[in-house]
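Both of the next two complexes hold chain A, though its partner changes from chain B to chain C.
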Partner chain A sequence: MLLYILKRILYVAPVALGVSVVCFMLVHLAPGDPLTAIMPVDATAEQQAEMRIVYGFDKPLPVQFGLWIGKVVTGDLGKSIATGRPVLDEVARAVKNSLILACAATLIGFALGSFFGFVAGYFRNSPLDRLASAISVLGVSVPHYWLGMVMVIIFSAQLNWLPPTGAGPGGSADWRPDLEHLRYIILPAITMSVIPMGIIARTVRALVADILSQEFVQALRAKGLGEWGVFKHVVTNAAPTALAVMGLQLGYLLGGSILIETVFAWPGAGFLLNAAIFQRDLPLLQGTILVLAMFFVSLNLIVDVAQTALDPRIQRA
Partner chain B sequence: MDAIADSVVLEPAPTKPSRGYWGSVLQRLRRDPVAMVALGVILLIVLAAVFAPWIAPADPIKGSMIRRLKPVGFPGYPLGSDELGRDMLSRLLWGGRLSLFLGITPVILAFGIGSAIGIVAGYLGGWINTVTMRTIDVFFAFPSVLLAIALSGALGAGILNSIVSLTVVFVPQIARVAESVTTQIRTRDYVEAARISGASGFTIVRVHVLGNVLGPIFVYATSLISVSMILASGLSFLGLGVRPPEPEWGLMLNTLRTAIYNQPLVAALPGAMIFLTSISFNLFSDGLRSAMEVRQ
Partner chain C sequence: MSDALMVDVAGLTVDFKGPKGPIRAVDGVNLHLKRGETVALLGESGSGKSVTLRSLMRLHPSSARIGGKVEVDGRDVLKLSSRELAALRGPIVSMIFQDPGLAFDPVYRIGDQIMEAVRRHEKLSKAEARARALALFERVRIPSPDKRLDNYPHEMSGGMRQRAMIALALACRPKVLLADEPTTALDATVQIQVLLLLRELQRELGLAVVFVTHDIGVAVEVADRIAVMYAGRIVEMGPARDVIREPRHPYTQGLLLSRASHAPTPGARLAAIPGAPPDLADLPPGCSFRPRCGHAIDDCAEVQPEAVSVGAAHFARCIRTRTTAEAYEAVVA
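And now, the complex of A and B:
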């Protein structure tokens, strides 16, 4: 087991390096000089050359990458061009808000998805199964940014039950677990939960159907175990895979939150990324993406290791 | 013995030619009502987009300042008008052109590039495979929405850049499927037999690998169209794709966000079109997948 974890970490190292190369290159993908976005239009050639030296853009790319990555591992992601504040502070604050929203959405999606998946898997080819399957197809096909708009139209504009945007009263930028802030998270969390719900429902349905068709279930029934007892066995067998899918979905939601966060003006990483893109704040863009991608890589690692630890059937050495 | 043999009249073999694999897939698909309805909807949307210049009742770009944000069913505006007084029906019809183009093109490009990378890596194996697949793993370390937005954000807004970003997002996904199917096929006996009989690598790939590999990759690619439609319109929704005043569903949805209090139904229409297209592609792809799974 320990050997497996070590191997898995060793395997992640080159991926993490590759991810940082991609993030580094993003800035150089931008058309023209990375500086043109921030330099005044009337800057002289001399001033431009000076700035290039200040930012280190005059050095060859591999050297630039080495310098950059050296700073990154110490937690220095540079300074935001727009605000002048350290990128890490901005990203940390935004990621916290995103994480709260993504966790809430994942929990809702997992609860509903497991429920629909179990119902569909237990009563296969019944109308209930078809309903659950339809819900899961709807979940993965709906443009979530549109669903968010529709939710705002119904629950804010028409019924006036819930606030349409923001994370808290008075433009509060930090979500807190109190009743006022809770009202703000309901709409974005439900909107976001639709995707994991569909995917988890699909996974659980397939898992349950597969487990129920196995011989040990027949044996359990033959020795006189009640339906409730069989159900507990099904849950134990389905749990590791379902939890792994949930963990990965959390990562996808965190990285893919930009569209929903834009619709609801949720002050998270996606919202920050959107601002960085339109202000051409390249260090902020680079830093946000690096943090989100690294988070996703670590989450993958944790899910994989946890699944191996939880599921005695998986033998990895 | 001879008497019996003589008395047996051999029936002529059935003249109906065997339908073959693709024929039977087509037949199974035709019996799937959900897939057929989905295909019908897709064809309708595509035809409406193709013939938009002839069937759209009004100009999709020219607006009327005094007829802004009219409701659905307003005289002269069957589906209402947008925030600049442009006819929504015409814009939705025209918008299908760009939305479908932006959604489908990256998948077609990625199908070509990703299949080539995956098949070559899978067929050659060895260190080439390792290097290719580990490089592809790096792209899997990004959630696809994040990667698409990051690339578009760095490259800047525009139709071409949004196609490039989405293609980059889908190439690794298709390459991974292509590689895994090719690796399975490569070790089959008939490929080994072809190699022993002296067939060149190119011939083996062309005759034995491509025929068996393209089917599964194609099904996977069709399932990506739904995601691609949502992402492409999402990029335009963020302002990273199509630029105004060009009609495109995602961009229309964005510019109509301010109208959700006055004309909620009109504001929601472009998104409903994205949803309808995406779900139709999803259902059709599901039908195609089950039609292609031959279980004996």
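And now, the complex of A and C:
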């Protein structure tokens, strides 16, 4: 098992290198000059050239990449052009907030999705199944920024139950799981949970239906297990795949939450990314994308390892 | 008490939902087993043998409609609540499945699956249940049993898995053992070993065994009596030796003649039964075998043939048993 984990970690290295090249190149392919954001409109060509040298934008791209990656491996992502603060601090804080939101959303999505999936899988082709399936299709299909706005209209503007935006008192810096802060996370988390809910529900429905049709379920009944006993076996058999899907969904949520974080002004990585793009803050943009990409890679790693631990049939060689 | 019936099935019918109304998979099956007796249900796919077998513990999809009388060890199986049914499955009736590779939960250790069955029915500690599982593994002669208990199903060979399956079936000391083609998924050499093991255990434990197979050789090897099924009915039943030596139903005769050992000379064509089994949703009137039968006369289409006694405890559902007897003697001689 240990050997397997080491091997998997080793495989991550080339992926990580590829990811960093791509995210560096992407940012430089984008049109627009990062300096226009920070230089006064009337700056002379000399001043611009000077700043270019200060930020190292005058060197050839491969050299820039070399310098950047050299710093990155030591944990230095440079300074934000817009704020002057270290990118790492900015990203770390934003990622923490995104993580909180993504975890909350995934938990809600996984709980509801598993529930609907099990109901649909157990009572296949019944009205219950159709209802659960309709909910999950709706969950995957509804644009989540639109849903977010609708939620704000209903629960904030009309009913005035929950705050529409922000992360609560203290802003982006310190989110705590107390009642005051939890009120702020409810709307964005539910909005965000809808897609993983739908995907997990559909996965679990298919899994459960497949497992229930297998011969060993009959064999379990033949040894006198009741519905509850069989259910435990179904859960154990569905868990590896369901967890893998959940892990991937968590990854998607971490990177794919720009729209929701913008709608709810949630100070997370997506919000930061949005700001960095509009301010043409290259170091911040690169740093954020890289951190998010690495998050995804490590999440895949964790999911793979967890799956191996849960399902004995996957070779550990 | 030893003469009391362990299995008493009379007029059993099983209907499944079909696209065009119910399909009768089993029609009027009678089956009686005493303690220590083995009956083989012989037939081809779709003849209703597995469905009959599963009726003894009501292991059908919920859409199936079961009628008639099914009593096992004095319990009316068709009237049991689901709780009573669960209590029946394991300690009274247990089952060996056709493919042990599919019948074990792939993500649980084999030992745990046996312990689960034991602890479901008896108040035993984990250690006691494991001791029982270990004893069972020794009994079915699995080498290094203690280590094997911790195996996952995929870590065992097919023959080993079937031994483990037998151990599981015996875990709660059942009185009736149902075997659903337990050797079909195995290699020929392993088949013999598993059959011998089953027969040995059956004798030692005094089990009543219902053994489903499509292989006449296997049926002869294990069974005291053979019941031949065709299109949901038992068409011939009798002591194993009598059924094999003096088959009276043309279907049984066809099965026996189609075996390689009956080929008159090497290289000669085997005698196959012409045609295909009938569609259960659309059975021909009268005798279901009539369209494929060489001895059929017009009367065969009139009525469903009654069981005709053709020997001691030997009957066939055919109105032309005299003709078929003579014809068979002529072919075999």
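The rule we apply is simple: the second predicted complex is superposed on the first by the 297 of 317 C-alpha atoms of A that agree within 3 Å, B and C clash if a C-alpha of one lies under 4 Å from a C-alpha of the other, contacts with A are read in each partner's own complex, and residues count from 1 in each chain.
FYI, a contact is a pair of C-beta atoms (placed from the backbone, for glycine too) under 8 Å apart; a residue touches a chain by one contact, two chains touch by 3 or more.
Remember, it's a predicted structure, so these values are computed and weren't measured experimentally.
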* Report for A:Gln214: first if it touches chain B alone, second if chain C alone, otherwise both or neither. => second
* For A:Val63, is the partner it touches chain B (first), chain C (second), both, or none of the two (neither)? -> neither
* Asked: Touching A:His233 in the superposition: chain B (first), chain C (second), both, neither?
  -> second
* Of the partners chain B and chain C, which touch A:Ile277 in the superposed model: first, second, both, neither? -> first
* Figure out whether A:Ala49 sits in contact with chain B (first) or chain C (second), or with both, or with neither. => neither
* Kindly classify A:Lys223 by the partners it touches after superposition: chain B alone (first), chain C alone (second), both, or neither? => second
* For A:Met149, is the partner it touches chain B (first), chain C (second), both, or none of the two (neither)? -> first
* To do: Please work out whether A:Ala111 is in contact with chain B alone, chain C alone, both, or neither, and reply first, second, both or neither.
  => neither
* To do: Classify the contacts of A:Met1 with the two partner chains as first (chain B alone), second (chain C alone), both, or neither.
  => neither
* **chain B versus chain C, judged by how many residues of chain A each one touches** => B
* Structure fact -> chain A residues where the chain B and chain C footprints coincide none
* Asked: Mind pulling up the chain A residues that touch chain B in the complex?
  -> 14-16, 18-19, 21-22, 26-27, 29-31, 137-138, 140-147, 149-150, 152-153, 157-158, 251-252, 254-256, 258-259, 262-263, 273-274, 276-278, 282, 285, 289, 292-293, 296-297, 300
* Structure fact -> The answer for chain C against chain A in the complex is residues 57, 59, 82-83, 86-91, 94-95, 97, 99, 102-108, 116-117, 120-121, 152, 154, 168, 171-172
* **Residues of chain A that touch chain C when the two form their complex** => 214-216, 218-226, 229, 233, 236-237, 240, 310-313
* **chain A-touching residues of chain B, taken from the complex the two chains share** => 134-135, 137-139, 141-146, 149-151, 153-156, 226, 230, 233-234, 237-240, 253, 257, 260-261, 264, 267-268, 270-272, 274-275, 278-279, 282-283, 286
